[in-house]
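Letters A, B, C and D mark the chains in the order given here, with residues in each chain numbered from 1 onward.
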């Protein structure tokens, strides 16, 4: 079994119009820039995949990555906790023009909803957001004298994530805080695409040190010297 | 900050009559035999701690570990998924005599309830046990056309677990399949006690390879050459 | 030719349907035997509830590491690409539908897909383990079983009489006499022993068999 | 002597209450300053939502590793004993009550413990981040803030007028003028600037201050 593919274009080929796409990363750490840009390349060339729902903690920054997807007009909706990081111009413009929808989710609830999606838990209760506008319309319940909000799982058609090492079976490690949402998204998506800085043979990663086991991974492409979102933003890079 | 203590007796001193105690391990892998036996020593000497509720996947085997706790008369109730492993005599006798209570929980639900206890999730829905006797009396709900059972979190006063490495701040690694329930129990207990095969200085365990972060750990005792439950059972050892 | 398949032959037949690269959980006991019969070139990856993916055969006696065991508490080994994880992550894999196949033993299986494999009734100490999770844990939940009990009563029934493990969860049954799918709450015959007549098979089955125009011959090698 | 504490002095005061070995989350922005004022011998361990425990100061400019950042997306460093984990584990720490202290900034805080610190109203793009989780995430949830807004209106109020972050969650408020506990849905004065009269303080506070027999003097070093 070898889950590696030989091009970024092949890796992202499963993303189609209207899909829900989870994209790993928090700030620049873990953003799979090359996978995102491969998706933009296809959209620019063919007009597809468009009308995407994108799940990420933020809503794009600068003129690369998710911001560039938004600028390209591929994104119909963002599901995120903080669409107002540094230079969120791309999202802000579209949002204020009514051209993009927003589902705002508290960060811990977003993480837990994605975790629940991967774990087969259709709903759970959390204290987060109880009594606030973000709980409006959601069922609430009392447990042990305290009030909680019922939240639903969140799943995706495809996840795009960035790993440090990947073996050919899909076992993954991450680099420092680039881990963030990616192990959760890998489990919550029907098809998980990984860009890995290095692809290794099975057995290279110690079984104790695997963070994402291979059964959550469907396609791997090696991107040997990946771009770092934060560095690109600071350099003022725009894509395409 | 140094969470190490210098004796097994000190490590288990927080366990009191009537408490809920989670004990790590699945089969012999991960069973904190020395911590359990230290608890038995205190009970034999002082008559306390008794009337305990013990949470573990099984209900003790042979004449050591949890089985020896049951034989000593310290356990009022077991919460477990499989109280019928090899040589479950201790539990079976007490159970059939009506001297010990049993809360039988499907294994995945047990794991998820403990995980929920540590994660501040008071209740969640699972498909497991829907339509069976083990769902009797529990709320059910339909999500996306499928029926689910509502399950509650499970917490403990104290957790007793076995780690491979522990640094003085409580960061832990485990050995192979000895990991099992222990990271979950460490998070779900008010006070978590660890027996570690080796105590090391903070910084020795790579931040990428910490399985249980130190904030879940309260007391650590080094047990350099720990006994293996399965080996003890096969050797016919009885404790005390 | 025997009038029924041996356990090993039933396990062999079940193993033939496992795709290369499939993630598989084998129930404790008889189902563990399926791992021995993977066809050449079709390498499955085995999951065990207690937190290992991609484990292999038992080590030689005396070489056991009792921290490296499967859900049946038997010593195992690791294959290249193995991973350890904790119990909540392990059952996230199960409950989240990430396994391709779960193969379980059973006391009874009903034409509506209900499974009873954890309890033979109120006597004794009840024990469920991971059975109630596994039945909701795979894209395909298959059962391997003798077609009838030791005293000749059908194990394939209209409705289970024993306490249920799961509702409507089984998709395929491999027995000592036949391969049967469960579709639209009916037993649909796919293969049967060639020497067995349809009437004979129906007589040993506790619910009506739907028989399509074309059914296969269930032939297993001598093992 | 100034008539109010500077932000650094408010952060200093909040830092004095953090016990040695405490697990602490500091909100993005102003609260991050608290880390600079840990008293000697009282070493806290800092948690950041994006999956690090025991991170340290920012690296020198030019030495940043942008895979090693905090929730405010600022580059940080690791201390010995650090650990990485994913977002669900990180918020399990938060939601599960495993942090000893969370210190947050605010727009308004009410005498019933309600906090409003995420939205100034319907205009603009709403963004919440981890605020709604953190307010339920620690044994002690403290707020650091100027006592009044830039145009002189009280930030400590009877009931919040802005969208809530959390209900009844705040236990202590460190302001530029006072230290105030929230107990039984009332503001209870603990310390105030010595040069400030009770009447003056009450006039700048939007709800009644409960004044115990003994209150302390709020004195911070020049920073």
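Of note:
Definition applied: contacts are C-beta pairs under 8 Å (C-beta built on N, C-alpha and C of every residue); 3 or more make two chains touch, one makes a residue touch a chain.
Remember, it's a predicted structure, so these values are computed and weren't measured experimentally.
A comparison of the B-C and A-C interfaces places the larger number of contacting C-beta pairs at B-C. The distance from the centre of chain A to the centre of chain D, each centre being the mean of the chain's C-alpha atoms, comes to 30 Å. Between the CA-based centres of chain A and chain C the separation comes to 36 Å, rounded to the whole angstrom. Rounded to a whole number, the gap between the C-alpha centres of chain C and chain D is 56 angstrom. Residue positions 52, 84-85, 88, 91, 94-95, 136-137 of chain D are each in touch with at least two other chains. Residue numbers of chain B whose C-beta contacts span two or more other chains: 112, 115, 119-121, 126-127, 174, 176, 207-208. Taken as a contact graph, the chains fit none of the simple arrangements: neither line, ring, star nor complete graph. Chain pairs that touch one another are A-B, A-C, A-D, B-C, B-D. Against chain C, the residues of chain B that register as touching in their complex are 26-30, 57, 81-86, 88, 91-92, 95-96, 102, 104-112, 114-115, 126-134, 147, 174-184, 211, 228-231. Interface of chain D with chain A (complex): residues 48-52, 65-69, 73, 84-88, 90-91, 94-95, 114, 119, 124-133, 136-137, 163-167. Within the complex, the chain A residues that touch chain C are 1, 115, 117-121, 167-169, 171, 187, 201-203, 207-208, 210, 213-216. Remark: chain D residues 20-21, 23, 43, 45, 47, 52-54, 78-85, 88-89, 91-99, 136-137 touch chain B in the complex.
Residues of chain B that touch chain A in their complex: 112, 116, 119-127, 141, 143-144, 146, 148, 152, 173-174, 176, 207-209.
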